[in-house]
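Here come two complexes built around chain A, the first alongside chain B, the second alongside chain C.
After this line comes the complex of A and B, so read on.
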């Protein structure tokens, strides 16, 4: 929900998603083009600054959204950094090895990943999903995939409300008083949710038919003011980012 | 009398599980009228509505549009569904997109209209339901009443001749109910035919020109609300009569006649005005 909150309340909410998508893509290209860890870190910093200082995403919110992904990154870095050696026989046992000579490459990969992450975070924290879907539609992604994204995104909120209400109703009747009861309640909740998903899909189908739908879900593409200007600015900034990544050692 | 825009002749419908939802139902809806459909839960109101939009096809009998039996071919159904807009009871079952504007555009886009026209229609529809200011908000951040209004806008953007609303007042607070009534009044004033399913007897009594009472899929009564809602069999079926009508009739028993030129008050505000006038007349020196 934090991503959602940022996407709808940031300063660049009304900037065309094409511009933000383009800048994010350039960020990712720059991340891959970065020749050293230092350059990749600089790209990551610049992308973070664009989100925080440009779009006005609060720094703490940015960190909280980035935290799970950073945790994955740290775990991956550690698994690259440390290797287990089981030895050739039982006598030598298991030993830990630090990847000494590979350190620079590992740091480079991690910093690149971090830059890629910040590029994606920039898009996710500044652009609501319906806008991203309309951007993907422009990119000619298959309709079925986009329809699924649209429905899943909408249904996510509807079902989370149902889950919340059911949990409250169960808790009010001591549904989570002990481990055994909690397991049973959880099972009932999942069963109830499955039925609801089926019923709601039927209802959505009826609603679509009632509004003359017989194929892909068609929506009006959102209209953004000064789209050309925003795209030009994003392209220039993106190209500068790539140029920086390429030219710096 | 105004010509019938929609009519049902001996329509029966049985669901695949064998449940009989409509049983030999015959009724007409006049063009430009305000019709309230009343009945207990399971009386067949929603099934009736699904027939009006061509989603369900009668097991027997006929549904007619301006006297012509419905053709259930693909292109004719498209025409019918652009003429008869259906607003479902639960907004979360109707709203597809998380964006208000996108969702309202869904119907007109399905009609194959140009982007420019769709954009104009979306803005008009949002304005008609007073949701222009919330058009950029995500649907999941709207209140229940606002979601209902977005649903109505989604149907209005298709510019239908008939709007059918399934229990639009359910779950709304008093203020939202009043706002929705204003929206319905505005649509009626613009010449739209409106059909509403409701459990609110007072709303039906005060708002509708015609009332249709369903009982276990059968038509129990059809006519002017001021008459049929006071019939004993209708009272028994619905469990009550409109409060305003009850008060007026009780007052008439003690000699207080609230009729103004033969017209009895139909809403709370009309009742209060009539009572005020009566009291002023009685206390005149």
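After this line comes the complex of A and C, so read on.
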């Protein structure tokens, strides 16, 4: 996964996730506080610059991660652009027209969404998921939910590998030669995976019991040097971002 | 069917998060009870979350020629129960937002409500209803999976229509518009996911009947038949 690759290799890998989470949160608040499309775009630009120039995320990788979401944003914007008119009664039929007067509002929604997306990407591309989970533990999220996250993270790559290998084996036997065959092959793959879920969870449970595990899955939190300094810097930068969003027209 | 990051106004984002929170909270309470009675369920539900996440990475052949991915809503609800699917869905949607930039953190509440609450509860209710009127097992599964898919997309359309009512036609026109946009891809996908879930369950019944009984999905007599 490209986000994971960036999260583990960026310049700010060893910066405390509290600082990165705080800056990302401030970015989202700034995006919602922005009074115009231009301000929201400026916020998006600054958050992108923070990820690319600050954390050293390669621009092409950033674009590749953002591309599907941007495509989704374009289609969402198109659906807002079209307006339906039922006329005076529903029997006369429905007419489609462009929501011209709403253009400014739609542009604002899209720019706000873009700014929020860059805030999310900043966090996702600079912070590995286990660090985010440890940050959520600090936020006092229930242990059960954190256990689900930990187990999900630790097994999703194993299951992805199983899926990849099975897909290769099925493809080699022309298992995806037509739509009907694809559907059957995919069904068999998911059925096999369902059983593996059950069996692997049993094996994990036995392994945990063998190690006297009797509660939450706790890990030693990683140590981040200069945490206070990083949090202060993130807080100041975040407040400046919000102030910019509030003061600009 | 995910609503993208920052797309909903702040009041709606907070409102849907508040609406989803009790379901996730109750789901966690149910999971805690299940884990106390059967400690191995903790691992099962954690791995089930990974399973649901991996499902969303699989390409589903679509009638329109394009590809999409299964939601796993119906299958998850039948295998693990709808209440457990709320926290599992919350985790999966959070992971999708962070790892794939699919969905978002501000729209997490709205996405949980449509995909991890409405979908699974609808699937479970339809499956039980179909079983109670003695419909065939395969047909019950198909109806549960495809109707849950459809209800999920209807909920997303309603969420978007509430956030962006049409300037002339209001909520209704906006709802019709968003439903029509989604219907183009979601109707065939719902049917395909229904068929896929039937293939999955048939394979499970054929090769792993014991596991299905232990998960309380089927009664022993169903398997013997």
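Operating definition for what follows: the second predicted complex is superposed on the first by the 223 of 249 C-alpha atoms of A that agree within 3 Å, B and C clash if a C-alpha of one lies under 4 Å from a C-alpha of the other, contacts with A are read in each partner's own complex, and residues count from 1 in each chain.
In the analysis below, a contact is a pair of C-beta atoms (placed from the backbone, for glycine too) under 8 Å apart; a residue touches a chain by one contact, two chains touch by 3 or more.
The structure displayed is predicted, hence computed values, not measured ones.
Chemist: In the overlay, work out which of chain B or chain C sits against more residues of chain A.
Modeler: Larger number of chain A residues touched: C.
Chemist: Tell me which partner A:83 touches in the superposition: chain B (first), chain C (second), both or neither.
Modeler: second
Chemist: According to the stated criteria, A:204 is in contact with first (chain B), second (chain C), both, or neither; which is it?
Modeler: Once the two structures are laid over each other on A, A:204 reaches both partners.
Chemist: What is the contact status of A:32 with respect to chain B (first) and chain C (second): first, second, both, or neither?
Modeler: Only chain C; A:32 stays clear of chain B.
Chemist: In the overlaid three-chain picture, which partner chain does A:151 touch, first (chain B) or second (chain C), both, or neither?
Modeler: After superposition on chain A, A:151 lies in contact with both partners, chain B and chain C.
Chemist: If we overlay the two complexes on their shared chain A, which of chain B and chain C does A:223 touch? Say first, second, both or neither.
Modeler: first
Chemist: Touching A:130, do we find chain B (first), chain C (second), both, or neither?
Modeler: first
Chemist: Taking the stated contact definition, name every residue in chain A that is touched by chain B in one complex and by chain C in the other, in rising order.
Modeler: 4, 129, 150-151, 153-154, 158, 200, 204, 208-209
Chemist: So in the complex, which bits of chain B are touching chain A?
Modeler: 50, 53, 55, 74, 78, 81-82, 85-86, 88, 90, 92-99, 101-103, 105-111, 115, 118-119, 122, 137-141, 154-155, 158
Chemist: Enumerate the contact residues on chain A facing chain B in the complex.
Modeler: Touch residues, chain A against chain B: 4, 8, 128-130, 150-151, 153-154, 157-158, 161, 200, 203-204, 206-214, 217-223.
Chemist: Please name which positions on chain A make contact with chain C in the complex.
Modeler: Listed in rising order, the residues of chain A that touch chain C are 1, 3-4, 28, 31-32, 65-66, 68-69, 72-73, 76, 79-80, 82-86, 94, 99, 101-102, 109, 112-117, 120-121, 123-124, 129, 132, 142, 144-145, 147-156, 158-160, 163, 179, 182-184, 186-195, 197-198, 200-202, 204-205, 208-209.
Chemist: Where on chain C is chain A touching in the complex?
Modeler: Per the stated touch rule, the residues are 2, 4-7, 10, 24, 28, 31-32, 35, 39-40, 42-51, 53-55, 57-58, 60-61, 70, 75, 79, 87-88, 90-92, 94-95, 97-102, 104-106, 160, 164, 166-169, 172-174, 176-178, 181, 192, 195-196, 198-204, 207-208, 211, 215.
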